[in-house]
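Data first, discussion second: the structure below is written as structure tokens.
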Amino acid sequence: MDGATFPTSIGTSDPTAIRLLGQDLASDLMGKVGFGELAFWLVAGRRPTPQETRVFETVLVALADHGFTPTAIAARLTYLSAPESVQGALAAGLLGGGSRFLGVTEDSGRFLAGVLAAHKGPLPGDDEGWDALALAAVTEAREARRLVPGLGHPVHKVQDPRTPVLLAIADEEGLRGPHLRLFEAIGRVHPRVLGRTLPLNGAGVCGAALADLGLPVDLLRGFALLARAAGLLGHLAEERRRPIGMDVYMTVDRNATYVPDED
Amino acid sequence: MDGATFPTSIGTSDPTAIRLLGQDLASDLMGKVGFGELAFWLVAGRRPTPQETRVFETVLVALADHGFTPTAIAARLTYLSAPESVQGALAAGLLGGGSRFLGVTEDSGRFLAGVLAAHKGPLPGDDEGWDALALAAVTEAREARRLVPGLGHPVHKVQDPRTPVLLAIADEEGLRGPHLRLFEAIGRVHPRVLGRTLPLNGAGVCGAALADLGLPVDLLRGFALLARAAGLLGHLAEERRRPIGMDVYMTVDRNATYVPDED
Amino acid sequence: MDGATFPTSIGTSDPTAIRLLGQDLASDLMGKVGFGELAFWLVAGRRPTPQETRVFETVLVALADHGFTPTAIAARLTYLSAPESVQGALAAGLLGGGSRFLGVTEDSGRFLAGVLAAHKGPLPGDDEGWDALALAAVTEAREARRLVPGLGHPVHKVQDPRTPVLLAIADEEGLRGPHLRLFEAIGRVHPRVLGRTLPLNGAGVCGAALADLGLPVDLLRGFALLARAAGLLGHLAEERRRPIGMDVYMTVDRNATYVPDED
Amino acid sequence: MDGATFPTSIGTSDPTAIRLLGQDLASDLMGKVGFGELAFWLVAGRRPTPQETRVFETVLVALADHGFTPTAIAARLTYLSAPESVQGALAAGLLGGGSRFLGVTEDSGRFLAGVLAAHKGPLPGDDEGWDALALAAVTEAREARRLVPGLGHPVHKVQDPRTPVLLAIADEEGLRGPHLRLFEAIGRVHPRVLGRTLPLNGAGVCGAALADLGLPVDLLRGFALLARAAGLLGHLAEERRRPIGMDVYMTVDRNATYVPDED
């Protein structure tokens, strides 16, 4: 089309070399960068530090799997129907990575980034300052009848065990930045506004941590999906060894009841 | 449904803990295992050694991305059309992970595993022995008019730069096992049967290395998909920053020519 | 699982019969209902009249295909990569059926339904009344800096040829209801508010027509997807007979230029 | 890209017209062709006769839905997780349209077409001749330990109710061609070879009917997918009105039992 070119900073190949991110794949990257490190680099366009890599991989580990989620069950049922297409079963599982079951990570990061972007002046220097910012944000959300993402969990009603661990690791690595601090402050102040105490959930703290790593908040869901891809492969491997898909199907089908439409 | 239960070795949650692979996610895994290590563990059902992890992550790095592949273009076009659904764009990209562009890894691993499984007696102890086994396998494939997977590459016509690097790393880590040795032997002997010299391609050597790690050969494509998920996220991040999807679409649409059907 | 049952009005089977929508599939439906008619029935839970069926199928025909759209190209590239999985190529094409390229149908139906739902009192009885309602709605949208969906088209800048034809057919069949009337009125009045004249696009008029058929506005995108599934099958059939996927890929890859990241 | 052009017989647009299959979409197709008719035309590249359209739509109706299949459950679980993406839920459902649950249609058509293609001389003129051809084909399949696709059904163990109805309609329309005749003959003769009597299943007879319509056997799965798209939309509409996805998930999750891996 008349000289159109397609610019990219990701990769190109020629007969003797594969270049990726400006590096020689074979001599500069293979065996020298970890997979998580490369995933960060691919999205952010810069190589993470070892500290960033550790926090990033901790997030991926935290989000990789939670047993029989709807997405895992969907992937297993798809594998049951089309076992020749591992890519289809994996894709089916990832397609559930939307607003309700995997979206909290991105929603939390975006909410926190929005509060920080709207804040005038320097960031708070102490907990008291963060609490004031958090209190304003939670109050505003409540007045607009919007949920504060990352608060509460259907199973972990008192504390999500991932939250303190990720906060501690981010702190160890010098990466407990403004998004995490604001999220912690929300954890402290929200009972004053909402009238009840909810835990900071693990998916939300992951979103805050990813945002503190400088990753684009509009793509945070993508990291949850990458993490979940590993979990879904685990489910597909287990479905091969010890299948449950047929039992799930039979359970639903045998307990189906026909109800005439009410129109 | 009458007491049906759904067994799993992957994960379960209760109000205070998330268990994954028999471990406590928060205290045993977060910050203590890398993401690649966890992905291996999820599929294999056992924790890899540091040596295995290094070879495994090298494979994932080798397969993560190759620029504007059909799958990357498909993901970008899908993102152009439905930018609100990152999961859809990622899934669309992964759906191209089939027989032609991502299947070589699995095909190679399966071919090599098949030759090894059919071999009676102890495995060869030297290159001469491996060459004899390889020669028989290539000859049999040719007589059956089947391709030997992993030979040849559309761009890297003389040598795929990934092949020697992965072999060297596997050797360093003590993991140059029978699949890799047989694959190398195929690289040495195939010109005698096929009448021309083809390089051992990088996707094929990755398949051999994964098979030597004891991973299930029927799921090797899954690791190529996991690796590619990282590359596709990189493409989606770039599509946000510097889009090419609309230009691809316009290039095709403006150069469309209507041809009446010939029936 | 404690007696959970799964109610449905769609279908059940037993050894001698398949029941669908309360009918016997073999004796009541096969050969007696058309495919479009059945699709309507499945979603709406009621059998459409012949008039409704004609309007509904006209919408599906209008939306089925538009040549080399991004979704068609994505499906063809996926088929190139994984030709063994027709379902994957079709799914990849449908995944582009989101907000930008297939979403107008649903957005228009929802916008119109929202205006009608918010309107107090009886619906207008003449064009003047509809114009007043439309004027208020367009003015409100503009003040809120929201687009009015269904106005304008990148190619058909003066008139979308589908619009008058669908309006005429709906009128013929006695199904030019409030959504279509409001949409037409928007077509008449919007220049007064927006200061320029835009055509009512075909996807928008389809959304209005579907809403007038009483179909759920939150699922209107689903009908665009069903229609597009037929178009995508056409593309996959053509890709088998006269492929363009490899040329698209090569065009992009050969014109790729590496640009260092600017960070 | 050096003058590459992209030929197509499907469609093109210009500012005043949309052309599809060499017709003017608005004036020649909308309101004048049915949706099933258009789908046939898009794939086959020729307009079907009314007789062909009736058989084709009967097949689509027969395949559209069967209640709580694994694909329907997967679509509903995906909708539960990501309700904002109808396209993702639909795609997830279609991805199960592979070898096991939707593949019989294509497998049957391909098997029958293969037998007919290998047959030398004129086709049989009576049932006796068809029985001989069928007997040879079933015997050969059995000797090669291959299944004859289209025989047997997990629920309809004696007769699939769709089979006689579709045969009768094809006969009425003058379209009971060689694929259907061969399939019927297989139904008569297979007990002599297999030692037990299996019903001709509905998906198989649909494949035979589609092949007799001259549709490409490598894409027959595509029609099953198109039909199923309508059924899946019905499930998604029902999931909005009366959801079962959460109950399916809870049923599986509550009955999960942790089993340590046996390695």
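Order as written gives the chain letters A, B, C and D; numbering starts at 1 within each chain.
We take it that a contact is a pair of C-beta atoms (placed from the backbone, for glycine too) under 8 Å apart; a residue touches a chain by one contact, two chains touch by 3 or more.
Just so you know, these numbers come straight off a predicted model, no measurement behind them.
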| item | value |
| --- | --- |
| Taking each chain's C-alpha mean as its centre, the one farthest from chain B | C |
| Comparison of A-C and B-C by number of C-beta pairs in contact, larger one | B-C |
| Chain B and chain C, separation of their C-alpha mean positions in angstrom | 38 |
| Distance between the centres, which are taken as Cα means, of chain C and chain A, whole angstrom | 31 |
| Multi-partner residues of chain C (each touching 2 or more other chains) | 1, 4, 6-9, 12, 45, 67-68, 82, 84-85, 87-88, 91-92, 95-98, 102, 242, 244, 248, 251-252, 255-256, 259 |
| Sites on chain B touched by chain A in the complex | 1, 4, 6-18, 20, 24-27, 29-31, 33-36, 38-39, 42-45, 54, 57-58, 60-62, 64-68, 85-88, 90-92, 94-98, 102, 155-159, 161-162, 164-166, 169, 202, 216, 218-219, 221-223, 225-227, 229-231, 233-238, 240-242, 244, 247-248, 250-251, 254-255 |
| Chain B-facing residues of chain C, complex | 1, 67-71, 73-74, 77-78, 80-85, 88-89, 91-92, 95-103, 242, 244-245, 248-249, 251-253, 256, 259 |
| Residues of chain B touching chain D in the complex | 1, 4-9, 12, 19, 21-22, 44-46, 82, 84-85, 87-88, 91, 95, 251-252, 255-263 |
